[in-house]
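So that you can tell them apart, the chains are marked A, B and C in the order they are listed, and the count of residues begins at 1 in each.
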Amino acid sequence: MSALIALIQRDLRISWRLGGGGLLGVLFFLSVVVLMPFALGPDVPLLKRIGPAVLWLGAMLASLLTLDRLFTADQDDGSLDLLLMSPVPLELSCLAKGAAHWLATGLPLIVATPLLGVLLNLEPGTSMSVALTLLAGTPALTFTGMIGAALAVTMRRGGLLLAVLVLPLSIPVLIFGVAASNAAITEQGRFGAPFSILCALTLAGFIIGPLAAAASLRQGLD
Amino acid sequence: MFLARLANPSRFMAFTARVLPWLAIVTALLLALGLYQSWTAPDDYQQGATVKIMFIHVPNAWLSMFVWMVMSASALGTLVWKHPLADVAAKAAAPIGAAFTFLALATGSLWGRPMWGTYWQWDARLTSMLILFLMYLSLIALWRAVEDPTRAARAAAVLTLVGAINIPIIKFSVDWWNTLHQGESVFRMGGPTLDRAFLIPLFTMAMAFTLLFITLHLAAMRNEILRRRIRTLQMMQADGRAL
Amino acid sequence: MGLFGRDISCTRGGRAVFTGVSFDVAAGEALAITGANGAGKSSLLRILAGLLPLVGGRIDYEESAPELTLAEQAHYLGHRDPFKPALSARENLAFWQQYLGSPAMNIEQALMSVGLGAIGHLPAGFLSAGQKRRLSIARLIAVERPIWLLDEPATALDAAGQSAFIAIMQSHLDSGGLIAAATHVPLGIATRELRLGARA
């Protein structure tokens, strides 16, 4: 247990010291959100309607890009070899690394969401509900993304391959995240149903993500 | 030339150590004077007291662009004249410029709410200021991404000069595009349209914020020089050379 | 007592690197694995460390604790030194001690034993290759494990570092540990030899 905490602490410390933690992810999130009105035109009613979707897409892409280094950094310097030789099961180590990634990257995105909501002319209530769905859904993004990250590491191809592998897995999270946010605004739809499914996806991700990632890492060894 | 004499970091440190306390005092006094003048300025017949946000909003907006020009000059110093402290000046200015831009955006947003009914609008002036803010942040990210400061300096210098194109766009955006933001009232052909009662506090606050920038900038440059000295010492220690 | 390998074979990229390799190393003994480049020295060590799958043959460790795998009772010192440049030498070593378990001594002692006591606070990114190698060796003594699997351990070490390392290896053997090392050069301690690639 203390081994897992040590692993989380190490990853958080590295993330903090190299360029201020998840701030680069937040900057990317901000850039993506700013791009939308340029592409769509400054049509305020339109932006209000698609605001939750834009925020979710931005958070998803920012999360995806930071997943690239999740395992490659450890493989490059040989730490991955040693991670496999510990009494701690690899599955739990993957769980710990995912937790560290979410704390360093996902959490800042959630904190930035209300500010970005202002840029999209969203009501405060809307921004907060998007932030809440992101809180429930970004762990799912991290843990499903971890599977792609592990596969990309063992195949020694990063970047686009990772995106191609991970995006299909993240679609359910995106669907229910946006559905829950929209349901919270319109008050016609029910918030509870999509939100519960979102939480279920996250919980399932906690289990499936580390298991699949550990299996990929092991079978990809050479 | 004065700048050339200050190129030596030790001389720079000695000079700023003497000058900085006085600068800080003058800055504080000017800020106090400016705030007093803003407080006692008359209310606008349309907006009431909210017009006084202008005395913070406008100087911050001017300074956000001014700081980018300072960084551009430092960038030229790095690339063309190879002045030793140019990259230190550039790196130290970026966070301060970002803070001014953010304050301009935030105060503008707060001002916009009672005036236009919205916190944010995608018009030309606001958008180009937001892009300026993004450019500051990306510049800071670039500085932090490269571990060796001197290598980062050249990349950052290029990015700074390329970004300088945004400054004239911001300045003239309210003229070129039909925008929600009000047109030029101060720096325009034919003289300012603002009443003298507003111009005086505005200029006082502008001077005060400019001095604030200079004070903070020099202090930040001192910190950066110290940081680099520590890094060099650590590398020497790792090599086993005597401290 | 000790580590036995019987009839181990290794295939990399479809090509058979070696077949039918067998060896014995008893507790308190060291095995030097020699051979030309490409003979499979590193691969054999990685198979022992559990980092490459064992396809043919078997490996037994007689004093194995029943619930632990061989990898969990072995140290692996590979070509790379797994230290994060952003963390200090001390933080890196403390992490591995916490993660791998079985602390044998405190971090300061381990650092001093390899001559890094004065610079433990510096970021690992400032260390030279030789210093990083010494930090890896510090990991070997900071975490208690009976089997040491070493791949060209003395590269990047200067003469002083090498003699310190020989003393560390000897002390490990004296306390009942065993060592299997792939090496081009004499290790400086008494060893059995396993020559790979001797058969055509």
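By our rule, a residue touches a chain if its C-beta (ideal position, glycine included) is under 8 Å from a C-beta of that chain, and two chains touch if they have at least 3 such contacts.
None of these values were measured; they are calculated from a predicted model.
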Of the chains shown, whose Cα centre falls closest to the middle of all protein Cα atoms? A
B-C or A-B - the one linked by more C-beta pairs in contact: A-B
Chain centres from averaged Cα atoms put chain A and chain B apart, in whole Å, by 34
In whole angstrom, what separates the CA-based centres of chain B and chain C? 55
Touching two or more other chains, which residues of chain C qualify? none
What are the residue numbers in chain A that touch two or more other chains? 18
Would you tell me which residues of chain C are touching chain B in their complex? 118-119, 122-123, 125-128, 131
Taking the touch rule as given, give the residues of chain A at its contact with chain B in the complex, in rising order. 18-20, 23-24, 27, 30-31, 34, 37, 42, 44, 47, 118-119, 121
Residue set of chain B touching chain C in the complex reads 147, 234-235, 237-239
What does chain C use to touch chain A in their complex? 12, 49-53, 68, 71-72, 74, 76, 78-84, 86-87, 91, 94-96, 98-101
Quick one: which bits of chain B touch chain A in the complex? Just the residue numbers, please. 109, 118-123, 127, 130-131, 134, 137-138, 141, 144-145
